[in-house]
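Should a chain be cited, it is by its letter among A, B, C and D, assigned in written order, with residues numbered from 1 in that chain.
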Amino acid sequence: MDQTIRVGVNGYGVIGKRVADAVTAQQDMELVGVSDVISDYRLTTAVCRGIPVYASTTEGAAAMRSAGITLAGELHQLLDAVDVIVDCTPAKIGASNLEHYRAHGVKAIFQGGEKHALTGHSFVAHANYATALGRDTTRVVSCNTTATVRTLTALKDAGLLAKARGVLIRRATDPWESDHSGIMNTVVPEAAIPSHQGPDAQTVVPDLDVVTMAAKGSHTQNHLHYWTVELTRPAAQEEILDALEAMPRIALVRRADGIVALNSTIELMRDLGRPRGDMYEVAVWADILTVHGTELFYTYTVDNQAVVIPENIDAIRALTGTVRDGAESIRRTDAALGVRAEFLTPAQRPVGAQTTAHAFEGPRS
Amino acid sequence: MDQTIRVGVNGYGVIGKRVADAVTAQQDMELVGVSDVISDYRLTTAVCRGIPVYASTTEGAAAMRSAGITLAGELHQLLDAVDVIVDCTPAKIGASNLEHYRAHGVKAIFQGGEKHALTGHSFVAHANYATALGRDTTRVVSCNTTATVRTLTALKDAGLLAKARGVLIRRATDPWESDHSGIMNTVVPEAAIPSHQGPDAQTVVPDLDVVTMAAKGSHTQNHLHYWTVELTRPAAQEEILDALEAMPRIALVRRADGIVALNSTIELMRDLGRPRGDMYEVAVWADILTVHGTELFYTYTVDNQAVVIPENIDAIRALTGTVRDGAESIRRTDAALGVRAEFLTPAQRPVGAQTTAHAFEGPRS
Amino acid sequence: MDQTIRVGVNGYGVIGKRVADAVTAQQDMELVGVSDVISDYRLTTAVCRGIPVYASTTEGAAAMRSAGITLAGELHQLLDAVDVIVDCTPAKIGASNLEHYRAHGVKAIFQGGEKHALTGHSFVAHANYATALGRDTTRVVSCNTTATVRTLTALKDAGLLAKARGVLIRRATDPWESDHSGIMNTVVPEAAIPSHQGPDAQTVVPDLDVVTMAAKGSHTQNHLHYWTVELTRPAAQEEILDALEAMPRIALVRRADGIVALNSTIELMRDLGRPRGDMYEVAVWADILTVHGTELFYTYTVDNQAVVIPENIDAIRALTGTVRDGAESIRRTDAALGVRAEFLTPAQRPVGAQTTAHAFEGPRS
Amino acid sequence: MDQTIRVGVNGYGVIGKRVADAVTAQQDMELVGVSDVISDYRLTTAVCRGIPVYASTTEGAAAMRSAGITLAGELHQLLDAVDVIVDCTPAKIGASNLEHYRAHGVKAIFQGGEKHALTGHSFVAHANYATALGRDTTRVVSCNTTATVRTLTALKDAGLLAKARGVLIRRATDPWESDHSGIMNTVVPEAAIPSHQGPDAQTVVPDLDVVTMAAKGSHTQNHLHYWTVELTRPAAQEEILDALEAMPRIALVRRADGIVALNSTIELMRDLGRPRGDMYEVAVWADILTVHGTELFYTYTVDNQAVVIPENIDAIRALTGTVRDGAESIRRTDAALGVRAEFLTPAQRPVGAQTTAHAFEGPRS
């Protein structure tokens, strides 16, 4: 049994609270505590659940105490007690924390809201665990970028990927938000093409030929991605599905099993008893995926709240170097979180839809 | 230790799957199996979780088997093996099942989608557990009616209720539905005043002076109720809160704790680790509740998927008569499900908002 | 023919642009120009439509000119050319403009986002036109308060109103907003009871016994109000409908005519060819309205973008005193805008729903 | 002045009522009447506006008369009085009407809900007006297909189009629908790839190399399309914009003008005074459109209620042959409807976004 890694989480929001729970679920890690500045039900609940709560600022400490929150101390004390701090503070704020972490000699993991330049290393476990070994810092890329890297790397590893063009339909805000952060009855395209996710994926896998376009939809949970991929050679649907299944944290779903929309997967996670209803996997529709010659078309859904959680866990092991083999870290993380390769059994592979053949009779002259 | 009650669930949908899990959580009950006719992920997941699955019809059995679902048998076999069947089939269908249940000599519990006349008894545990003792059938009233009866009975028991007038803002469809069952960017008032919930509450507590008006809003989870109550005498806010807290399955929440909307309670349930994120309690806003003379105004939110679950569990004990005391059954059910009287601690009671005093200077002449 | 009133509009947003169009539609008014600080399509379109556009600030002027917007001048020049300025700037900003208006000796009308104290007079044409005659300033109350005053005054004028308790389901943001101003898949109750609309209605009709509770729903257009009214005496549904029809700017709708939700009225306005699809009337459901003894229950929908527009037009005449009789001003305004007393013909009055009688069998002993 | 074409509209819904208004706006057409079976506000309003209303069925006639709707007759009488009938009945129903139309010797136009095989000719004015000349029937393709054909044909006519891959984010239901036809807080991908729009576009322009993928979003109006196009040669952004502007019924919009989302264009149409707020043009974002080498990326929004209206008008002229030149028919239609080539002036063409250059540094080795 290897040494226990002492972990702290700074920022107990949508990502932070999930990272905290995931750390607790690992046999080789200990959650020393979480730190924040808010004093409402989110932190009160953490205290009730026995999680040591620290204050990220002195002002925060006063407000939290007056709200009846028992504090284990302030952030600097948490930093003195941990090997790794996972920064889950709001976008851009993390950057200002780096010096603080360095001063305490703790290794730090940042989230996708920060720029690649902050750490000089962007992380997706399967893609580049090895290059993060022993580093002082890394950045776990955003939910959209993580999903993009997972499926494109699966195709790349199989020698099938030439270039990929994606359209990302993002959720507008998080389910708990009620203070005017949403959009209503509209779709909002991003200001520029390409959207940031394509270039962001290249910070993890530099030689990806990828371009993304993105828009925000009027829903609060999960993203939907559509990809048009140029393959290096013609391939059968079966071969593509094999390549995707071979990749950790990608799970196939089927319309034939009743999984027909984003909210189907949300209900499925609840039925599976997942904590908070989280889906760590990228759920690819096996019976919508279509290959035509050297062109591949597919779509999947991504749980924006959960997909980066296992990556954060692996990043902790990579920075500390307690596990040298990325595959082994992924195996441990996924076993602890119950990550699956396929959501429904029996895994009856769909035959390429008949309609497809017809649809691709192609241009008529 | 009393005998174990053998329970079956017919209809494994939003309510049925929750009743099944709640039965499993009771020490004095055994879930013999669930029955349905669908063959998608919802039943596949039940099988994966080790729940014996039966087919409600012979046609259903064929479809389910061909979908790879291992069946424990058909409904009639389930009925031969249980003491009580909880009918969670879609509204109006339950009625056609009653004879089938009678023929097998099993006691039956129906849901709020059925009419009171079907069983002649409508059930809310605290209000009329005793009158259900030993009966062959009862009907657990709908989520909106259950919540209505809980808070009004709390006031009635305290001798405070003269009459109540409510406006119910209902969710439009369930979170998992994706097949054109929703409404979009609108509010739809019910066709008539009063809406059915008021008269329905009188099937449980006949002498309630209650009138309800209802509309469907453009959201998928939880209802919001507003009540204007005429009290029998002037009362302090503190006295009202005491009366509500004295009632099982009512839990106070506070805006001051960050619980400011329907989706705040949904996030809170996830943070509390509730299975499926369920809230069995009626969540009353303690710091919005206002009393002015003999008028009481308050609002609360109701989890339409979960609020009736503990009532179904109590109904099982009442029909079988294994527990004669309603309070004892409620105690057991709530302990097994982790039902709470208050969601956040410390329970700092809000002082009646200053603005209120001013606002109620009342008419100016 | 009376003199032409020279009118300016400061703030060309949701309300401002509608007031501008309505002023143009009046024979006794001239739209001298509109003023704002934004430089996007909203102002570009005004220029294209031939409306003189002024800049409310010098900085705004620079930005607008660089955006290619031809300016007629700056706000102070508009103020020098008008008799009345209608302030439609965002809430709270209007207050800071008052001195500017006074300095130019122009009469000023503010909107419901400002406090009553700013002008000392709050306006709803039918209720208190006379008291605004010749004043330098007044405030047209908010959309919710305007609708509240209209229907309650109708009952009051008929000698039927004892007290009124209302629940207001508000739209969350305006249809054009796309910049994170909305709420999603939730309902947000207001922080306190009573909500401001009740006390606000008393600034127009001081002796109203009214209390309101309000929540924001997940939709972008129109409010829905539910009222529980204590009558001074028993009255027939027919008598109530007569009282409502006798009041200007209240129009009856019927579910029987297919008007079943908020978005039905929006479609109806488009079918009627209303500019921008605006509904100036409060649309009361005649066949949902129910009377039981001395209790009246009814619901209506309010176009939050349009309902205050005719009130602003009347306020212009009242301040200038060109029309002494409120009824005459209302007649002119409504004729110019095509306001109706009933939306659908033939006006078959519904018979009190049979279900109602039954529903009100009332408490069972 | 050419002869007046006598036109009837069968099916007075979202499309039918717009076609009726557009026919009335043409100098060379006469709206003889509209026919339907419903008897609610939609038809009552048509009567109020002076449109002759016919009953599509005898049962419908009875219901309509009893609802107080004055009928001009039944469908067969309307068919005896027109040269062309525009069938706007719900999808699939039109097919059953064809024989009825033939029996009366009237030319017939169907909508995109019908199959190409029904008429053997699918219509988009600019693309194939000539091949519809004198035909007995044609089918105006769906809103999504119409928009697809317009922009791809613009590129094809400029000799720039090699192949196109599109992702279509569709609205879920129409704004007026309130009867459980919507989806809520989700996105629903279509069952198969390609979605029908790509092959459907080939029924109009057979040699298009186009593939589409589609999903329904949680909004009620306008679609958003994203395209990845392989060009025949490198081209400047300016050249692409010229090609799009040269095509009728495509209008450029700019984020720089404040048009940032689907609901921005809806508000813009209202500001422009468009009847029902309709947008007949495909609104392409000029400052999001990006070219990189031989790849073109762009996005636009489509008013699903209005985009096919001008096509129906042209189809009427084509079938009757009164105007032999498609360009002349388009000119007349667009002049009558106020169709524009650009929505905002001055038309400052955006310079290719600097960020783009950087973003396309492309793969890093």
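Rule of thumb we're sticking to: a residue touches a chain if its C-beta (ideal position, glycine included) is under 8 Å from a C-beta of that chain, and two chains touch if they have at least 3 such contacts.
Which protein is which chain? UniProt says A, B, C, D = Glyceraldehyde-3-phosphate dehydrogenase.
Here the structure is a predicted model, which means the values were calculated and not measured.
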Chain pair showing more contacts of the two, A-D and C-D: A-D
Taking each chain's C-alpha mean as its centre, the one farthest from chain B: D
Intercentroid distance (Cα basis), chain D paired with chain A, Å: 40
Mean-CA-position distance for chain C and chain A (Å): 47
Between chain C and chain D, centroid-to-centroid distance (C-alpha), Å: 35
Set of chain D residues in contact with two or more other chains: 175, 177-178, 183-186, 188, 218-220, 260-261, 263
Contact set on chain D toward chain A in their complex: 165, 167, 169, 183, 185-194, 198-199, 202, 206-209, 211, 213, 215, 217-222, 224, 226, 228, 255, 260-263, 285, 288-290, 292, 295, 297-299, 353, 355-356, 359-360, 362-365
Contact footprint of chain A on chain B as seen in their complex: 17, 38, 40-42, 44-46, 48-49, 68, 175-179, 184-185, 257-261, 263-264, 266-268, 270-273, 275-277, 343-346, 348
Partner chain C, residues of chain A touching it in the complex: 172-173, 175, 177-178, 180-186, 188, 218-220
